[in-house]
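Note that the chains are named A, B, C and D in the order they appear, and that numbering of residues resets to 1 at the start of each chain.
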Amino acid sequence: MRKNIVIAGPRGRMGSEAVQMVLAEPSFNLVACIDHKASSISSLAEKAIPVYQNPEECFYATEVDVLIDLTVAEASYHHILIALQQNIRCVVGTTGFTNEQLVEMKLVAKENKTGIIIAPNFAIGAILMMHFSKIAARYFPDIEIIEKHHNQKVDAPSGTAIKTAEMIKTVRESKAQGHPDEVEVLKGARGAQDDGIHIHSLRLPGLVAHQEVIFGGEGQTLTIKHDSMNRKSFMEGIKLSVNQVFHIDELVYGLENVLDLD
Amino acid sequence: MRKNIVIAGPRGRMGSEAVQMVLAEPSFNLVACIDHKASSISSLAEKAIPVYQNPEECFYATEVDVLIDLTVAEASYHHILIALQQNIRCVVGTTGFTNEQLVEMKLVAKENKTGIIIAPNFAIGAILMMHFSKIAARYFPDIEIIEKHHNQKVDAPSGTAIKTAEMIKTVRESKAQGHPDEVEVLKGARGAQDDGIHIHSLRLPGLVAHQEVIFGGEGQTLTIKHDSMNRKSFMEGIKLSVNQVFHIDELVYGLENVLDLD
Amino acid sequence: MRKNIVIAGPRGRMGSEAVQMVLAEPSFNLVACIDHKASSISSLAEKAIPVYQNPEECFYATEVDVLIDLTVAEASYHHILIALQQNIRCVVGTTGFTNEQLVEMKLVAKENKTGIIIAPNFAIGAILMMHFSKIAARYFPDIEIIEKHHNQKVDAPSGTAIKTAEMIKTVRESKAQGHPDEVEVLKGARGAQDDGIHIHSLRLPGLVAHQEVIFGGEGQTLTIKHDSMNRKSFMEGIKLSVNQVFHIDELVYGLENVLDLD
Amino acid sequence: MRKNIVIAGPRGRMGSEAVQMVLAEPSFNLVACIDHKASSISSLAEKAIPVYQNPEECFYATEVDVLIDLTVAEASYHHILIALQQNIRCVVGTTGFTNEQLVEMKLVAKENKTGIIIAPNFAIGAILMMHFSKIAARYFPDIEIIEKHHNQKVDAPSGTAIKTAEMIKTVRESKAQGHPDEVEVLKGARGAQDDGIHIHSLRLPGLVAHQEVIFGGEGQTLTIKHDSMNRKSFMEGIKLSVNQVFHIDELVYGLENVLDLD
């Protein structure tokens, strides 16, 4: 039995990849899209995919199993509440929800016993990198993070690097690394610090999005590295979530809570 | 309260490192050694460390909390049975035990309610690499292992690479990787295979002992890499085991079962 | 003074990138294209770029400084002879010329005192990797090459890996590497060999095109690595060649002979 | 014909490695040592190696082809002048000479038509890394340097990283890298800067001495990496210099001027 899927935000960067992915996956059936600009999406299949501006109308006209929402917080929140009330499961890549919105969505999911997975990052490799780093930090508290991105990126360090350090801090006792008398002959050489964890940001043309977390112990180092080449890297996580959302009846936040990590 | 420790095999490559480690660790107290050649070991402390040829004699003359055994299977088996019967905990790095010996040691440990940890590999980083690889393989079944060693190593692939592939196979369905029409223009280019997992062995002067496991998915790769510089890399694992062996009352095999990996 | 450029093969994978590059470069002026299918190319500039099926007609109708040819050998050879006879410089990325064709083009270039650069690989980084490898091999004769590509690639090793080994062999005495008693426990583990140089080919989804050449010496290793993300990597080499072809009056084969490598 | 060699500073960290190297090399013959503390060095050969406190006495009593000097500047300068005046070739790893001392040694070498090679770094791999970086910087002006050392190192960046940036600056026009509006969310994330070249220093237990220079261009990166495991990495450079010093009759400064790099 194929799963009937609606994609909200089909013209965005993530959304257009998701359209391709759903069309290519034999067990998925793209039945409609939701977009603030109505039109239709020409499919690889025989029929064009209808695009609705109004979610109520979309869900009324169509048999839907799962809503994949890749829009922005305000629109996404609106779509999700309507979907959950009609027992339509949700897989959501939107970021920037307020705490109030999250609490409300959790409540509505529970009341309607309908699964919803919200993940700020659907790249399974990045999620594994952060999870493994948290375990390794228990045994190797000396840690340096190197993240590398193309030179069009404005902020340093990357959000993933900051998140990785945050996660590590939950298991690692605060410590100063390096030699106690360490001297920076050139300022900034030892990078940024978060609770003693050093973070280094490289920006070059030719890079895409890369991060490695290096753990040092006596006589050994352990390195966990993720290289992301393009947005296709998010599609496996979305596909996995569409399948897993059938097995839950509440809100799950974060792809790490969808994966089997034991 | 310092832990009283006896080391069996103090003149071996691992044993001599262990002597240094125990002498340097303030919570440990090296009270004696067991060696087939009697003598004494000059300590950094004020007193020389006595060396016994006979384990019964050693344990009779000395108050012992933990035996660290880094000898060979036959000798180690003999030492362990005597130690366990006197409720002396054991941390063992010996490999090559027969199944019968393992069963017997398990039984004696249980009867005497005394903890014993046997680990073929005490490098925490290598254990983590293998554990993480097993988790990652669930989501990324396309895997290539590269292991690099100095050119004095005779066998290829390394035991760790073979073990890593074995562990991955317990969670990964058998699959052929690469292009279905793949052609080796030069024979051997695609490396060795175990159930479709490719393994590549490099041997060069200047290398020590290194392994990386690379997982490929759409638009991303995840790499887990361990670099071992010298035998000091095993000492953290032995130290951890000496502390953990006080919390168990049976035989535990493999450092992975000593670590907290959740 | 902007350089007037004609591109042959504007709809191919390399050609379409070249069109973008020439349009974006302020010192270049895309005046026409040559394609077996006549049409016109909509430019970012105000005017459409005319496309000619016939090179004579193209060069007759247009003031041309440089022909960039990215077609196939037979067509390219035909275009080049006509261009050189009209003192139009050529930058050529076509592979597969016969020796006779190369000799003839060399002759015609000389007779017409007109520069032509033919390069099978315009990725400057790859050319530097090979050049540096050739120098390093003089001092480090123990060498392993790892090349990594996406799993849609059929042949292994890659052409670049084979070429790198060929270049190294011109300066390195033949030698067997590794331990004299080396044993492959799993067949193929030590990779392919060319004159004792080991080559390992990895194929995974998520990879693009990568190669590293590792040199081992006592207590040290030197690694030269090239990562190619997309065809944009060839455009810098084409741009450089368009500028350099004004300074030569004969045929130069290989980007390494255009670069300043001293 | 074996080369008769004297080593000055045989008990130092470099010197003791050099003693081992000279004893192990069949074409070299260790005839004496110079040390401020007289004694003798037990050789692997049948005879003990005499140790002289006084260089005049040493050179008077012994037939010497080459002096390897691995002491400190003041002592080294004194030894070298005496050696050159007796036409004894010199290979010198001492750093910290004053300009006056360098000028004087150059003069004495020339007057006596005797070769002397002084090199602050005998690791061939490091010299090649710097040389290749200088060439690559012509074509890839966007550069990031990562250097990694054990956490006992006090200063950051390392001397080699600073030297690499200095060398690159001789061929690269000053430029600011990264996005013009770049923001450091955590201070220091983008590392140290020298003329726009970014330098990142990592310090961890388990590391030894490593540096990589990464060059970014459109769609590609080129990486040159040197890993040094121990002082043996310097011995190949000393051995090479002992052989090359017979082919020169003046002072050559820097191993890069001994190597064939074309």
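Quick note on the criterion: a contact is a pair of C-beta atoms (placed from the backbone, for glycine too) under 8 Å apart; a residue touches a chain by one contact, two chains touch by 3 or more.
Predicted, not measured: the structure shown is a model, and the values here were computed from it.
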item	value
Pair sharing more residue contacts (C-beta pairs) when A-D is set against A-B	A-D
Farthest chain (mean CA position) relative to chain D	A
Interchain centroid distance [CA atoms averaged], chain A/chain C, Å	38
Inter-centroid spacing, chain B versus chain A (mean Cα positions, whole Å)	37
Centre-to-centre distance between chain D and chain A (centres being mean Cα positions), rounded to whole Å	48
Sequence positions of chain A contacting 2 or more other chains	206, 215, 217-221, 227, 229, 233
Topology of the chain contact graph, where touching chains are joined (line, ring, star, complete, other)	complete
For the chain A and chain D complex, residues of the former touching the latter	142-144, 146, 151-157, 162, 177-179, 181-194, 198-207, 214-221
Chain C-touching residues of chain D, taken from the complex the two chains share	123-126, 128-129, 132, 135-136, 138-140, 212, 215, 217-236, 240, 259-262
Parts of chain D lying in touch with chain B, wherever the complex brings them together	206, 208, 227, 229, 233
